[in-house]
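Below you'll find the structures, each written out as structure tokens.
After this come two complexes, each holding subunit A, first together with subunit B and then together with subunit C.
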Partner chain A sequence: MARIELKDVTYRYPYTKSPALKHITYTFEPGKFYGIIGENGGGKTTLCNLLRGLIPHFYQGSLKGDVIIDGTDVRKWDTDELSAQIGYVFQNPFTQISGIKETVFEEVGMGLENLGYSEEEVIKRVCDVCELLKITDLVEKDPNALSGGQKQRVAFASIISMDTEMLVIDEPTSQLDPEGTEDVFQIIKTLKEEHKTIVLVEHKIDLIAEFCDEIIVLKDGEIVFSGPTHEILSNRALLEANATIPQAAIFGHAMADAGKPLADIPITIEEAERLVRERKG
Partner chain B sequence: MAIELKKVSFSYPNGFEAVHEVDLRIEEGEKVAIVGQNGAGKTTTVKLMNGLNLPSSGDVLVDGINTKDKTCAFMSKYVGYVFQNPDDQIFNSSVRKELEYMPKYTKMDTKEMNRRVERAVELTGIQKYIDSNPFDIPYPIRKFVTIASIIVSDPKYFIFDEPTAGQDLHGMKQLGYLIDELQKEGKAIITITHDMEFAVNNFTRVVAMAHKQVIKDGTREDTFWDLDVIRESRIKQPVIAELAHDLGVDGNVLFCDELVAKL
Partner chain C sequence: MINQEFVDKFRHYHKYGTWWDDLNPLTKFVVCFMVALTPIYALTWWYGLGVCVIVSIVAMTSKFRKNFFSLAVKVFLIITILLVVLRQIGHRATSITPLINIFGWQWYVETLFNSLNRASFIVGFSVTMILFFTTTPMRDITYQLEQMGVSHEASYVMLSSMQNIIDLKATAVTIFDSQKARGIETTGNAIKRAKAFFPTLAPLMIGAMQGTEEKTIALDARAFSVKRNHSFLRKLRPVQGYEWAMMAVAVIFNIAMIFVSFKILKQLPVTRFF
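And then the complex of A and B:
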């Protein structure tokens, strides 16, 4: 069974004139890793809100079409149960951090506490997750006094600790340096190996190219491209939708334009290297 | 005329030293990118340039003026700093009010104010949001609002702290455009960024920081092809440089066309 099915979904936020999402039809399969890309204002975060059920449970407005989560219409889902099924890492860590906990440790454990886990279990999971996210040094600090990058790691940790089967992650690396970004992608890769369903919004296209199974490109609230990662990201037409394509693909097209075509358009450095070596023979 | 950091160290009140004996000189009209991992001392360093931070030891001179002798408000006429988090900077209820705040405070001539606001809006591409509440517009656009308000104040030196966070292709192009335009007007632009593609495409001089110090200050070719520096400052080579390196192509290649020509 599909994890989430969207059938001709159109959604408009309250007090706005035009819909943020228009006629979206898409099926999210369990265990797959989806990358959502496209220009700002194109509907990426709104799609996240929809997949996590915040639309319609938190955001009012007008929702048309069907959103089916694990076979049940989103409108019939209990919000607490849904939060135990689908974890959501917000775009802005400054918004996600609760502001009511005095230490990072409590912040990371808050979700588990609310779900009624035993103290022992909460402590164990929080310790494990903090180690994974490399924030063990921060556990006694005030979450409000952290740097942007540190807050982003804490926000991510507090969702990972919930161990949900599906994760919706909205730009988890916007405040992070290249190493921190790489760490986050490695963790997401581990989650994928655990067969979790992952939906990721991210501008860092070279990393999307390396890790995602399928890509959805949004523009003006509509899906303009979707399909397997390689097929989508090697397509130069993506640039017209104001979406970035990987440097490796730009290189591949440039080789073709210069009369030195590679056997295929690469989307990662590894692919580019292999294709160049093959061409040289 | 230049910003000069002379053996500058800075410790926070709790005793934590964030910058250690940094020497750095930025000429007027120059474009410089500062790269390095979180916690390397980048933000602390640039905050020393306009007196937001005062050195614990050493001196910071801006066009010969020692920041220790003046207030931060005075220095900000020379050096404009755009905060990493736009919400630390914005406080007015509309974009227009935000942009007009400083000129009105200094009782600037209305005609001059309008000219500056118009120019700032054009450079940042925020026309459509001019009457919006800054907190109702998306984070990446909010960043452009903070850049615009510094452009209005018309300093000689601009500091952008992580302007690329969350920007899409359009936002990246807009940033590149406004940096070029400001430089044409004779402004210096100092940008902290984690985005190596942005750094290589827009800056010819790249400063790498690691553990509280400047470990490399050179051309983009020098910095991005110094593999020890790449390792030590925990940054990455731009993708094309990394590919050229993996392929064993020599000549410190940074750009797609160069690499294509060499294959």
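And then the complex of A and C:
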């Protein structure tokens, strides 16, 4: 499951003139970790909505081209069943809290209740996920009374607990401090090790560089760059296009410009450190 | 580490620890509703008052008694005082026994009892139903309704309405504060406050609509509408044998009161004022 093919997909939201996505062709393979980056308004969230099947089921608009999820066109998928197959965490943590649960523990277990899991299975999974996301101290609290960062963790935990094959995660760390961000990325790394397919929209490019297998760069609704993470983020064209690139890559390009090139353009601090040591040696 | 004592609570039926609160919502509703109807048949002030006293005694045993009394006392006083005063203003024809004279405004005994009789059925009914609604959390009501076949969606609407009101209020305060920060006068007399308030309505409504859209997606992400049998982490004890008996007694009492009211109560001297 969780192989998604996009074939020349163009999508326009209702009552808008210009398309939010233009001629997107890409295949998301099972078990891989994809990072989506790009400017605001570039179509990142729209692409997430498309992968999750919210387009065309929730957002009507005009969809051209084919979106094939696990061999079946998205138009033929039952949107309710898709929710059991593809987890979706989106930007705003405040609207992701159901508003009907009295404790965080119940909030995290809500998706599992909807899927009909037994009481013991729900309890076990919720306990595991709360430990994983370090929210054990929140379980007895009212989810509506949490801070933005806490709500974001709870919303994330709620989706993780459902154990879907694929996860579409749209800026999960927008309300988190650096420590919280690092924790969330460690969890995403754990999910990657469990061979989940992950599509992550994130502005924190250094973390994207560290964890993702492939990168898609969107601009004005089009894919301008895509491919293996190292290949894309070390590409000078990305720098020239004023895209955000990792600090390590900026350093690598600067070294090259100064006539002291490293053996390769690094994209993580660790790589940069190794390449500098090698150069010295 | 998660508090295991807290987690273990979900392995058992949810309990509040008092006999009334731990009754199934269905039992509480049937008993309350059947009793609440009887002051309407009786239409005598002492019966309505008696129901209020008994209901208050039951409420004393509940852990939600504060909620009950804060609302029930207000309803009791407002309705009673309002009806008594209005009746004294408008009812003269059969009033013969003077009660008190307030600066030339003559009150009559017959009118007083007449108004108390009128108030008794509204107050008796209201206070009894207040007992049900203040001592039964909405989530328990919706849980029981779902058990009885009401849709998941309908119970969500009922449950989330209260939270939506709280959220809307918080958003209104935020909009109001941001207006204040931009130098718009939000304090002062009623006209000034109204001028500041009305422009908040549009962003408030648009914000609420946007929130609804995202909330729908959030629920969809939690497989809310998946066509499978849902499970419940928090469960209530099903209706027990003795609770069925309580409901049966309440129904029988209700039917009996119809006959008693029309055949006996209306003939008693204490109700003759009606």
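One rule holds in what follows: the second predicted complex is superposed on the first by the 275 of 281 C-alpha atoms of A that agree within 3 Å, B and C clash if a C-alpha of one lies under 4 Å from a C-alpha of the other, contacts with A are read in each partner's own complex, and residues count from 1 in each chain.
As a convention for this text, a residue touches a chain if its C-beta (ideal position, glycine included) is under 8 Å from a C-beta of that chain, and two chains touch if they have at least 3 such contacts.
Bear in mind that the values here come from a model prediction, so they are computed numbers and not experimental data.
Chemist: Of the partners subunit B and subunit C, which touch A:Met162 in the superposed model: first, second, both, neither?
Modeler: second
Chemist: Between subunit B (first) and subunit C (second), which, if any, makes contact with A:Gly41: first, second, both or neither?
Modeler: First partner only, subunit B.
Chemist: First (subunit B), second (subunit C), both or neither: which does A:Ile187 touch?
Modeler: Neither partner.
Chemist: Which of the two partners, first being subunit B and second being subunit C, lies in contact with A:Leu50: first, second, both, or neither?
Modeler: neither
Chemist: A:Asn92 contacts which: subunit B (first), subunit C (second), both, neither?
Modeler: A:Asn92 contacts both subunit B and subunit C.
Chemist: Thinking of the overlay built on chain A, is A:Met110 touched by subunit B (first), by subunit C (second), by both, or by neither?
Modeler: Once the two structures are laid over each other on A, A:Met110 reaches subunit C alone.
Chemist: Common interface residues of subunit A with subunit B and subunit C?
Modeler: After superposing on chain A, subunit A residues 92, 94 contact both subunit B and subunit C.
Chemist: Quick check: in the complex, which residue numbers of subunit B touch subunit A?
Modeler: Checking each residue of subunit B against subunit A gives 36-39, 84-85, 87, 138-141, 162, 165-171, 194, 196-197, 234-236, 238-240, 242-243, 246-247, 256-257, 259-261, 263.
Chemist: Under the touch definition given earlier, write down the residues of subunit A that touch subunit C in their complex.
Modeler: Residues 52, 54, 58, 79-81, 83-84, 87-90, 92, 94-100, 102, 105-106, 109-120, 122-123, 127, 130-131, 136, 139-140, 144, 155, 158-159, 162.
Chemist: Mind pulling up the subunit C residues that touch subunit A in the complex?
Modeler: 1-3, 6-7, 10-11, 139, 152, 156, 159-160, 163-164, 166-167, 211, 214-235
Chemist: Residue numbers of subunit A touching subunit B in their complex, please.
Modeler: 38-41, 91-92, 94, 147-150, 171, 174-181, 203, 206, 239, 242-244, 246-248, 250-251, 254-255, 258, 260, 269, 272-273, 276-277
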